[in-house]
Amino acid sequence: MSDDLKAFEGVSTSTLTTVLLKKGLRNVWIRGARPLGEAVRIVGRAFTLNFIPAREDLAVPEAWASPISTRAALEAAPEGSIVVANAMGVTDAGVFGDILCARMVKRGLAGLVTDGVVRDIAGVKATGLPVWAQGTAAPPSVAQLIFTGWEQPIGCGGVAVFPGDVIVADADGAVVVPTKLAAEVADLAVEQERLEAWIVGEVERGVALPGLYPPNAEARARYEAARKTP
Amino acid sequence: MSDDLKAFEGVSTSTLTTVLLKKGLRNVWIRGARPLGEAVRIVGRAFTLNFIPAREDLAVPEAWASPISTRAALEAAPEGSIVVANAMGVTDAGVFGDILCARMVKRGLAGLVTDGVVRDIAGVKATGLPVWAQGTAAPPSVAQLIFTGWEQPIGCGGVAVFPGDVIVADADGAVVVPTKLAAEVADLAVEQERLEAWIVGEVERGVALPGLYPPNAEARARYEAARKTP
Amino acid sequence: MSDDLKAFEGVSTSTLTTVLLKKGLRNVWIRGARPLGEAVRIVGRAFTLNFIPAREDLAVPEAWASPISTRAALEAAPEGSIVVANAMGVTDAGVFGDILCARMVKRGLAGLVTDGVVRDIAGVKATGLPVWAQGTAAPPSVAQLIFTGWEQPIGCGGVAVFPGDVIVADADGAVVVPTKLAAEVADLAVEQERLEAWIVGEVERGVALPGLYPPNAEARARYEAARKTP
Amino acid sequence: MSDDLKAFEGVSTSTLTTVLLKKGLRNVWIRGARPLGEAVRIVGRAFTLNFIPAREDLAVPEAWASPISTRAALEAAPEGSIVVANAMGVTDAGVFGDILCARMVKRGLAGLVTDGVVRDIAGVKATGLPVWAQGTAAPPSVAQLIFTGWEQPIGCGGVAVFPGDVIVADADGAVVVPTKLAAEVADLAVEQERLEAWIVGEVERGVALPGLYPPNAEARARYEAARKTP
Amino acid sequence: MSDDLKAFEGVSTSTLTTVLLKKGLRNVWIRGARPLGEAVRIVGRAFTLNFIPAREDLAVPEAWASPISTRAALEAAPEGSIVVANAMGVTDAGVFGDILCARMVKRGLAGLVTDGVVRDIAGVKATGLPVWAQGTAAPPSVAQLIFTGWEQPIGCGGVAVFPGDVIVADADGAVVVPTKLAAEVADLAVEQERLEAWIVGEVERGVALPGLYPPNAEARARYEAARKTP
Amino acid sequence: MSDDLKAFEGVSTSTLTTVLLKKGLRNVWIRGARPLGEAVRIVGRAFTLNFIPAREDLAVPEAWASPISTRAALEAAPEGSIVVANAMGVTDAGVFGDILCARMVKRGLAGLVTDGVVRDIAGVKATGLPVWAQGTAAPPSVAQLIFTGWEQPIGCGGVAVFPGDVIVADADGAVVVPTKLAAEVADLAVEQERLEAWIVGEVERGVALPGLYPPNAEARARYEAARKTP
């Protein structure tokens, strides 16, 4: 991970969406992308893939050997990037299976996020690649989808994703942080995490939420005092 | 739990829906409310919350400090009650996160049932609050929802819920028992559980289902005989 | 399992859908049928059940005692067959509960596949019957469905299923192999599994996918050579 | 139309659903079946057709020449009957086009009701056959559907339809009246129409609805008096 | 119509949504509410009704005589107001039929907007009441819905509606203008209409859109000049 | 229209989908694209536009002035082409309104096909541009969508559309004919229309459908004879 993304490692997607909403961005969470298997947190820059619906004369296994193929795309993705695939929410054909996921791990990619599904879920889990998707399906992508290219602006799960956007994904799903807002959002999110940790402690002590969350002036003063007291 | 609800502890939601259907009530199971994490069974009276769609000028984090807020509502809920939240089936914004769930535990509330989702799933699970929901999402409620009040009749998962209705929730979801039918339903359900336990035993012995489930006269006689033989 | 189905035990549903697509069949995977609990692989011939929507005068528990009942149907299913139930995708009433699943196990049926849901999930899991479904719901089938008969052609999860079709189900869901294609598909699938196992090994060695998957002439030659070298 | 159905000609589907609900039947209106073109009212007995999802090896135009074809089915339908086709709500392939509709008119069938769509809408309208459907689509039925037979119990638009059930269709859609309730429902519906006509007159006179609709004792007395005064 | 709403009569819902979006409000158009019959434009203040899902013991025709009934609600609505009914998007039961619509006309209400449907469409159209809805269905509201009260904040078609909000409805549907923004939005909308009328004239003259719509500095100067030249 | 497309003018989309299905292409009809207003038939080459979901920092009216805007795209479309816009099925924001449609007419474009909706329906109809869409909505495209470019492969209504594909649209919707199949499909479709016209005549004479549609050997012989007899 590049250094400018380090700060995101300590913040949850829940916190990021709160911060982004305060900046006016409500539509940043990729619908349908749930962690498959044990949830971890990954951070990286988006490498985008685009699919469109299948047409029978084009959607054949031979298409996998075309120069514009998912195979070629994966070779072009920078190490550490997160592959974000627009599968148009298709749930009856898997965009990737074990072989492509295994290659992604070999190439050092950080993970896969899609609004579709994967296939050969046992094999995919065995590769260790972190995946966020709607689930699994047996049929190959060409049963429903044609790949059209990479590193274009895409829609994924109802959200705009541009190549290079910061992606953070954890147990609550995957969030897009626009590049130009990344530094500011990271700073605000770190502070928000700190505040919420203090509030959780107050709740543990039995404090009621009205006036505490969000904090009124009195609560904020106590928080500021606590921050200064190590 | 109040004493009049004790009988419900031993009956499953499957049994309750069978009994209610025999009384003419088919629409009592809250669609979309699945147990998050290990399923337990909870019983309690409904404390209802209502949300409507967000409008950008009102759906801001500042709304959380309004007198009509989810924070204020939770302070008003009786100990042992089950919070039932109408989120209109929204799955891309969490009605509650870890902080509100932690407060619910502190206040002795029995659980949360919603047709929407929660956020910060790791934090919510850590509180130990039993939750029935569609899953999890990172965005805060204000990204999609405005809270309008508590203890009104609501729709939740396609079912009418009135304040004080009996709620039973387990691995098969959450069921509403209208207050005025509660005592009669509890009695019938306890007997239905007893009958089905006997039928399971018969199936174990190799008895075929036609004539056994539901029992014909002969099977019912055997059941009655078995009941008398301790 | 009859001998002619043995070959299917070693092939995944992912591989089967790839082979069937090459034969022109894209629509063979039953949408909505996910394994409940730990995924195993089962193989068997389809025994079909059909449901239609409920009408209140007919959809009553008494219907369970009718000669055309799910109870009677289960007695008619051959040992080793897989029950495939068209529930029209209904998710708010369970087609079967613990008692029917227990009887299926007693009768030696291989599993249950449905585009609907089951009920009393804890009881169903306790029977050990392998089940593929959308999940669980508390209400009985008659809350939404009427059973109309068995061993008819049905639709299930958007796929045509004829009595006697070969069903293979595993972690990626359930696939229908038309009877008349079964032998040919089994042969092709076994070979496809062998090829993909070799490709996985190549990926492990660091080979990039373009030219390897699908294999170009050079890669295929290497594969053929490897096959001959034990 | 047979004489026993005459009474239905004067009652609307709105009135029929009100009467059926009072008899405990809430699920009798076929979802998705809207009148195409100018709405008329038709009354007849259901002649049912059943479709399942297409499989590419079977769903070919040649299937139209099979003995189990929609063509053969239409020849078997009694004059005056209403064809009710279960298309599983499919909206991207038309169950019938102009040629089949023209033959239905020649055979004296009263109309077509489906939860799917028709094709060649201009041609269908030219035949004059009354049609209730979701709309129109260009593709032939075999693009999505296989025909499996006629005169079976079917689901159509979420409603159970048995061969011979009474169907009434008008501008508000199509309603199923179970055969055994037909005579009683017709009588009640005729009376309900009479009452509502009187209420409309009262509203015209400026009477407010509370106490009038439904009528309280005073209003009912006035209604009874009005009935006796020609 | 009160004088402060006069300005809205000359602006389309398309223009209003453009103006509201510039003020940061994107979610103001009621999904599913289409004009039934010939489209007119109506302007008025929202009088809100709320429905929740039906439960069989409560959703009976007798409920229509309850003090909390749609009948009572209509008597409470101010002349000139627009009834906005939250039907939760239900399309298989009509919230209102001809009798209630006839009473609304008698009481001088301006129209009905709902995310559900009406029933007895022929009768409703005969009353002349302007209606925006998803369409028509034969079943009465109690087949699916229970009425819970009036003049509460509601959701309708995915939009928040508060009692007294300004509603404008025309051929493109129905839009909610928050009360506190009404005056400012009306002024901006009138000016926007004027600008777009000028642009349409320019397009008629053959001017290309880049630079014209939205206008660049040169185009805006020409527009300002044109405004001053009568 | 270029000369090579002349043959398509006489064939319906229903006939085209039948012919394409015989060539193995089932997925060629654009779901959701219905004719708005009086249906005509248009034929032309696809000029594709692509939209993705909106993000609040980018989806502002100012975006309409960007070099990558729908305004710029329309200037690039060849005369006689049909604009096909991927709106991802969005129905709550109109891709185009009256001003853009007016410009399309000025530029000699043949029509607009989208899986989304238009806005200002009255104004759009006044331009006379033939439009196939899901309907109308008041909000501007930026309320939900961002435009990303033109003349790329797109999905529209679940169908792949490549720049230059032949589009035929009529009362039954819009169909895509892949460029490389266009000549062959046109020939087959003209012959299919001729055959079906003869069959309609036979049905008028009272001939039953089995054996006639599709024609068996005897019927085909009669058809061939009729073709030779002017």
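Some observations on this one:
Letters A, B, C, D, E and F mark the chains in the order given here, with residues in each chain numbered from 1 onward.
Definition applied: a residue touches a chain if its C-beta (ideal position, glycine included) is under 8 Å from a C-beta of that chain, and two chains touch if they have at least 3 such contacts.
No experiment lies behind these values; they were computed from the predicted model shown.
Shared contact partners of chain B and chain D comprise C, E. Judged by shared residue numbers over all numbers used at their interface, chain A and chain B contact each other through mostly different positions, with under half in common. Just one of A-F, D-E or C-D has an interface built like that of E-F, with over half of its contact pairs in common by residue number: D-E. Centroid to centroid, with C-alpha atoms defining each point, chain D and chain F lie 32 Å apart.
In this assembly, the C-alpha centroid of chain B lies 36 Å from the C-alpha centroid of chain E.
For the pair chain A and chain E, the distance between mean C-alpha positions equals 38 Å. Among all residues of chain E, those that touch two or more other chains are 24, 26, 28, 54, 56, 158.
Interface note: chains touch in the pairs A-B, A-C, A-F, B-C, B-E, C-D, D-E, D-F, E-F. Interface residues of chain B facing chain A in the complex, by the touch rule stated above, are 56, 60-62, 64-65, 69, 71-72, 74-75, 91-92, 94, 97-100, 102-103, 106, 119-123, 135-140, 142-144.
Chain B contributes residues 12-14, 16-18, 21-22, 26, 28-29, 31, 34, 39, 158, 170-173, 175, 196, 199-200, 203-204, 206, 208-211, 213-214, 216 to its touches with chain C in the complex.
Taken in their complex, chain A has these residues touching chain F: 24-28, 52-58, 88, 146, 148, 152-155, 158-160, 176, 178, 181.
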